[in-house]
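A short write-up of the structure that comes next.
Labels run A, B and C following the written order; every chain starts at residue 1.
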Amino acid sequence: MNLLAVERIKLFSTRSPWWCALITLALTIGFAAIIAGASPADQPINVSATQFGGSQFGIAVVMVLAALAVTTEYRFNTIRTTFQAVPHRSPALVAKAVVVALAALVIGEIAAFGALGLGMLMRPNDGLGLHTTQDWLNVAGMGPVFAISAVLAVALGILIRHSAGAIALLLIYYLAVEELVQLIPKIGHTIHEWLPFNVANKFLRGSAVGGGDGPPPSDAPLSPGWALAYFAGIAIVFLLVALGVAKKRDA
Amino acid sequence: MIEASTLTKRYGVTTAVNELTFTARSGRVTGFLGPNGAGKSTTMRLILGLDTPDSGTVHIDGVPYRRLKDPLRTVGAMLDATWRHPGRSGRAHLRWLAATNGIPDKRVEEVLALVGLTSVGDTRVLQYSLGMQQRLGIAAAMLGDPRVLLFDEPVNGLDPEGMVWIRQLLHSLAADGRTVFVSSHLLPEMAQTAQDLVVIGRGRLIYQGTMDEFVARTNEHGVRVRTPHVAELRAALTGQAEFTEDGGAFVVSGLDSDRIGQLAFDAGATLHELSPISGSLEQAYLDLTREAVEFPAAAMASPVSVASVSPVSSVSPVSSSEVAK
Amino acid sequence: MIEATGLTKRYGKTLAVNNLSFSVAAGQVTGFLGPNGAGKSTTMRMILGLDNPTGGQVTIGGKKYHDLKEPLRTVGALLDAKWVHPNRSARAHLQWMAKSNRIPAARVDEVLETVGLTSVAGKRAGGFSLGMSQRLGIAAALLGDPEVLLFDEPVNGLDPEGILWIRKFMHRLAEEGRTVFVSSHLLSEMALTASNLVVIGRGQLISQSSTEDFVSRAAENTVKVRSPQLAELRDALQRASAEVTGDDKALVVSGMDSDKIGEIAAANRIVLHELSPQTGSLEQAFMQITGDSVEYHTGLDAEAQHVLESAK
């Protein structure tokens, strides 16, 4: 518990996490506003459409936040002070992952419900609301997906240590690589079905083809529940690898 | 020669340098001392024309810095060793600097060799240790073979060998007839390096003169005496001098060692030691600046007991204005 | 107390620390000296468990750093004052450290007070001068009221008053029975601060001894003598087979201590005006001992080599 408090103090005593959180909220809710405002009145938008900004860009910013939480420690050498205080290292890094994940969870929920709320306000006639399980997952599920993405980013941050490198890798992978994999002949689609963010999308939106305004549906074969577990599992594997490396490495 | 007369510089409400007048002579190493925040860096910047004084002037060999043609050929300065692009090599840094003042590339190689950086000349400065950055800064200062040299904390990051090297370098520069003006907090090092001193506190001059005179002002005088005939010596000195015991020896004050030697002889006391205690630059400096330090040393005199730790006396607190920069 | 035995650290081909054994006793300030690139920082990092030794071990009070529960309560260290997040306040920096080792929050304000940073505790550490960062680093080292303290160049950036404060402070910590291990290049300062020295060169131990022994081992001890009967004294000393040099103002006597010279003067009824044992400086001794052998003569060349290698 102490170590969680340590990481909480660290995370909230600098400004960049606050900025990242604000940007995430602005992107998620802002996109909901744009979509709600730009769609013609006779074409109702769905819940998935309000979550577009969050699921596409919010995650990216949250991952930047999470990666920075680690890489700035390397940049400013506070990681050495941390390891001096907690020589076994892993507990400190796990605590960091947990705190960052919790922060991401909270940001995700606020963003998702904020976006939905704004959509409902702006499009009172579209019947937006949490009517089905899928609607619930799509909105309330944003928090867990943010949290798991944050853990992935923390793990990558530990492995790479440099802010620019870690962020570039995360964003390139997230924004481009998963889509580009589909271009590989024959096996591309099969691989894509199992890539983590695609699977996470499955959890959020199921396979149902949305109203056209939302992001493309996921082709992952897992059920939403298993999809979340799979996504979380990948994050944990990455984190374990990162912990192993950090433990062995000279600080 | 550097001549400052009634130099004043204000930043907002704070007066960083206040009617400062001093001279740094050629052929001498002049130490520039003062507590943090006393205005040393500001003075250095004023000398180099980086800041403009609110009033007063500072001349280098009779001319203000900004009127110097090819200033690097007159004044070489190392203010902060990290003022350079980290991605550029040491040699490239010196080349562009040389080009600004029409200094030939050949000179770049000379100064690199002088500071011992030839082998790493093409390495990016990013890779340099602090000591190497310091040497590069010195090389840059030497580039124009200037008559006047300014150094701010030149031994920072240097190891003992580097410190001896720079001390000898400064001495040889002064011996060439150049003006060498060095600011530093390391008083034992300055004691061995500087012949003259300019001491400031709160932006004002508090001492200008030779090192020897400055050190002689300290009240840390006395003579250390050891003798197997304690009683005899005590009797002989009583009434003429004060003495305090110091671990098997006495420190006698109020008489010089010649006189004590004579009195001991007359009293038949064999001497095992009779050493005049010479004051240190540090002591003289602390005596003089104590009242001039921005936050008076009151906190040092009255120990702040810290319950669970050591009852260690506190340093004088840092002012918030110091952070504001 | 710190004990290193056969400590070795290899980075690729470079042997940074080579079979280094030394011990640092409690109740004293021990200086840790060596040219740049001698392996001092690596050794410090291994003491703190930040780097893993390739061979050998180092223990603190008999335990490895990794085995210390709440290590900040046993070992406090200031390795680099800039190891602070620049956007974090001084207080927040100390708060997270305190939390990590269950140190009460009130202690943060105590150490801030001790180093004189209370008034700027809420300010971002990135805006601190080097001297202030240094004080913050010292506050961090003191946080857990530790038995063992490690400092790397503690007076860096401090002004003369701050330097004096640090010196007295270290003496105080040692008097309280703590182990104080300080690395520094400022030999004149170390001569005043440290009563023991561990000197390394090229990762190997060159000497471990008291400061006094170290200085006297290298520099020849002489005694300066002045007297109104200088010629008589010179003869008397030479008869007692002392080696006497000097001019008509003062004699420089070697091969005889001041006690003996005083006795000879008394026996010959000679008045003394001065009888001062001259001790060599730590710098002289250091240069002589580390410079003696080319093997230990690291300094700039070794640094340059290191830089060239890492630039590849």
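One rule holds in what follows: a contact is a pair of C-beta atoms (placed from the backbone, for glycine too) under 8 Å apart; a residue touches a chain by one contact, two chains touch by 3 or more.
Treat the numbers as computed from the prediction; the structure is a model and nothing was measured.
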{"item": "Contact graph of the chains (line, ring, star, complete, other)", "value": "line"}
{"item": "Most centrally placed chain, judged by C-alpha centres", "value": "C"}
{"item": "Leader among chain pairs (count of C-beta contacts)", "value": "B-C"}
{"item": "CA centroid of subunit B to CA centroid of subunit C, Å", "value": "22"}
{"item": "Subunit A and subunit B, separation of their C-alpha mean positions in angstrom", "value": "56"}
{"item": "Centroid spacing, where centroids are CA-atom means, of subunit A and subunit C in whole angstrom", "value": "50"}
{"item": "Complex contact set, residues of subunit C against subunit B", "value": "33, 35-36, 107, 110-111, 113-120, 123, 127-129, 131-132, 135, 142, 145, 156-165, 168-169, 172-173, 176, 185-189, 226-227, 258-259, 262-263, 265-266, 269, 271-277, 283, 286-287, 290-291, 299-300, 303-304, 307-308, 310-311"}
{"item": "Of all residues in subunit B, those that touch subunit C in their complex", "value": "33-36, 116-117, 119-120, 123-124, 127-129, 131-132, 135, 156, 158-164, 185-189, 226-227, 257-258, 261-262, 264-265, 270-276, 282, 285-286, 289, 293, 297, 299-300, 304, 306-310, 312-320, 322-325"}
{"item": "In the complex, subunit A residues that touch subunit C", "value": "2-3, 5-7, 9-10, 13-16, 72-73, 76-78, 80-88, 92, 248, 250-251"}
{"item": "In the complex, subunit C residues that touch subunit A", "value": "45, 48-52, 65-66, 68, 71-72, 75, 77, 79-80, 82-89, 92-93, 95-97, 99-102, 140"}
